[in-house]
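Common to both upcoming complexes is chain A, partnered first by chain B, then by chain C.
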Partner chain A sequence: MSKRYIFLAGLLIVMSLGLVFVPAKKETIAIHPKQMLIKINNPARYLSTYEVAKRIVERDPSLFLIDVRPKEQFTIYSVPGSINIPIKDISNPEWQDYLDQDGMNIIFYSNGDVSADKAWLFATEQGGDHLYVMRGGMNEWYRSIIKPIPPEDTAPTEEFEKYAFARGACAFFMGSSASIDNSTMTDKKTVVVRKKKKKAAEGGC
Partner chain B sequence: MGPLTYYDIISPEWNYVIALIIGMGFGYFLEATGFSSSRKLAGVFYGYDFAVIRMFFTATLVAIIGLLYMGYFGWINYNVLFVHPTFVISALVGGVIMGFGFIMGGFCPGTSLTAVAIGKLDGWVFTIGLFLGIFLFSETFPFIEKYYYGGDLGHITITEYFNISPGVFVLGFTIMAVALFYVTTVIRKRVKSVNY
Partner chain C sequence: MVVIIVGLLTFKKPMYSYQLSASDMMKQMATIQQITPDKAVQELKSSSAVFVDIRNIYDFEKDHLDKAINLPLPDLLSKESKKMFDQWKKDGTQVILYGNDEREATTPWMLLYELGYTNTRILSGGYNYLNGLLKGDLTADVAFDAEQPDYDFSAISDMSRQNQGETDDNVKAKTVILRKKKKKAAEGGC
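Entry: the complex of A and B
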């Protein structure tokens, strides 16, 4: 065999030998950065508290709520039907199956949006799909569902409908005996004040 | 086209154009190395020319080593490469038929087309026979379907089947190929050379 063939054969053997010592590359199911940006900017990834409450009331079977607050806060109160995965444990392999479930809509929430957004980012990066964040978190849930504030008289009809729904949802979540705790907040009856027509002054000149 | 489309350097539509260019290059180099000559191709069976077997093994080694390194560097996703399903019975029977055809005709399907391209009559006859064979196969397929799909092992690779690491397998394959190259050199020296 000529020197050229010996060199080429040696090169092939050395390169294949290198493959023996090269560590096996761990495949990560990473989302492409462009796709990630599209998902981050998509406003549909946020669900309002009304939408979440509606799905719970309608017993949507595809709904899966994840509370990413610390365990102590979860124990005090949480949205009914949710499980607790504290944000600091979100990367624990024990919870990975919960973050990507075929056919389920997974909704993260925290007290605000920050921790829920972090959880959403992490789960999306792992290749999860149908992931959402409850906008406003528990703070908004409390304000809009548990203790809804009656809308102003001049508010659009939609606000009144939301308020009516929130009162019903609150009764659903807290029990019929639970008050909205707005005992002083009764339906304000709109009283139309009719000013008496001033009579023209009589008499005189 | 591997890393180029994976990293959005070129759009996926370019895959078809690149495939066309690669195909043309493949045909060019086949003809340039003399593989449109049936005598040269048949030489592997008679011991006076081992260019075919060397070319195939070299191409296999370059491809597998290149793919594994590209997978390691993250340029391609090695795990999503398509693996043809393995049908043991079909592979054995088809291999025997292919071997007989190769020895008798002096061509394989790809090289017969390069012979057709340069106007060789034996290439034309072989290619016509090839299409007749395809027609015969498709017409008799209902009768042989059971055997065609026999011995289905699925989309499996040797490394998965024997549970060995790809690196070890490639090293063994490389050593075997280099040894084969040496053996073919020895045989060629001992067999009477043929002018073709």
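Entry: the complex of A and C
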């Protein structure tokens, strides 16, 4: 009886030695490739410029905009309230906190939507959640919000509603009548909710 | 004992495993040369590269590049696709992915590259641009470089700055104080 135990214990020790020769595991992507492909194939991550503008105007507190264009372009003009993480620096660990925030909807945008989509893939592979891409990027933002084209007379009512909204949103963003609103939007930049803050609730009864 | 042996025997290697981490991918991406439409035209003639069409079957049936193989996006990692990709990798054949525009092929390509298929590239500008180039009717709204700013954005910021006027700084200071007050109010218990 005891001999058998000794044999089993010895066998386990020998087998465990094998682990010593297993190569060190590199930092890998946790999400399964097929799962990732399903996410890539899902168009739900794309938000139209209208949806984004609407959320800004409505002061959606869960909205977090990330501009992935180069810094020079960001300083010239950006969507109000957004922060800048250039796509070439996005793998820098210092941005990790920004890319995975609890309770925040992160929206990436660039001039088109190729770079924003790349950023989306990166953040998703890092385990981020609630990540979105602004469809059409800044070019579409300009076309649909800043300089909206009036719809034709035969267009559906929806188009007119969109146009009316864009006109209003444009006044909001350009600060023609609402300069105070505009500056509060830019102030929002500095607020970063880090995950670490999730400590037990203070006080209470 | 038996459990361990059975476990060892039935242990299957996963079909796909990542060869690159997400951050390595982002670092390497900047150095990878994609296929320009001009180069793609040459490749179509020389037929040394394989074109993979990731659009759905209907789009593919309607029109596609000569000699392109249709692997719709949802089937990109299926067993049959894997066989093909493995073969191309073994032969060192260059694989050119394309969708309607560049965006459609970008994230699938990144995934394939991370899985170790480093012989794959994207067709810049996508099918829409190349098709226009081949047929000689490029319309203005089909861009080759999707990341090019189409408009002068500096004009917008000038305009909004003018509208906001000089009182901007004062307003900003005020709002900061407002926010602090809010935080204090939230701290209390019951």
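Everything that follows uses one rule, which is that the second predicted complex is superposed on the first by the 147 of 205 C-alpha atoms of A that agree within 3 Å, B and C clash if a C-alpha of one lies under 4 Å from a C-alpha of the other, contacts with A are read in each partner's own complex, and residues count from 1 in each chain.
One rule holds in what follows: contacts are C-beta pairs under 8 Å (C-beta built on N, C-alpha and C of every residue); 3 or more make two chains touch, one makes a residue touch a chain.
Computed from a prediction, not measured in an experiment: that's the story for all the values here.
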Now for A:Phe64: first (chain B), second (chain C), both, or neither, which partner does it touch?
neither
Regarding the shared-chain residue A:Asn111, is it in contact with chain B (first), chain C (second), both, or neither?
second
Give one of first, second, both or neither to describe whether A:Tyr50 is in contact with chain B, with chain C, with both, or with none.
neither
Check the residue A:Ile146 against both partner chains and state whether it touches chain B (first), chain C (second), both, or neither.
second
Quick check on the superposed pair: does A:Tyr132 touch chain B, chain C, both, or neither? Answer first, second, both or neither.
neither
Which partner reaches more residues of chain A, chain B or chain C?
C
In the overlaid three-chain picture, which partner chain does A:Phe122 touch, first (chain B) or second (chain C), both, or neither?
second
Dual-contact residues of chain A (chain B, chain C) 15, 27, 34
What part of chain B is in contact with chain A in the complex they form?
8, 61, 65, 68-69, 71-72, 74, 77-79, 165-168, 170-171, 173-175, 177-178, 181-182, 185
Note which residues of chain A are touching chain B in the complex, please.
1, 5, 9, 12-13, 15-22, 24-25, 27, 34
Using the touch definition from the top, list the residues of chain A that touch chain C in their complex.
8, 11, 15, 26-29, 33-34, 36-38, 40-41, 69, 73, 76-77, 87-88, 90-91, 110-115, 117-118, 120-122, 125-126, 138-139, 142, 146-147, 173-176, 179-180, 182-184, 186-187, 202-205
Quick one: in the complex, what on chain C touches chain A?
1, 4, 16-18, 21-27, 29-30, 73-74, 76-77, 102-103, 106-108, 110-111, 114-115, 143, 145-151, 153-154, 156-157, 159-160, 163-165, 167-168, 171-172, 175-176, 179, 187-190
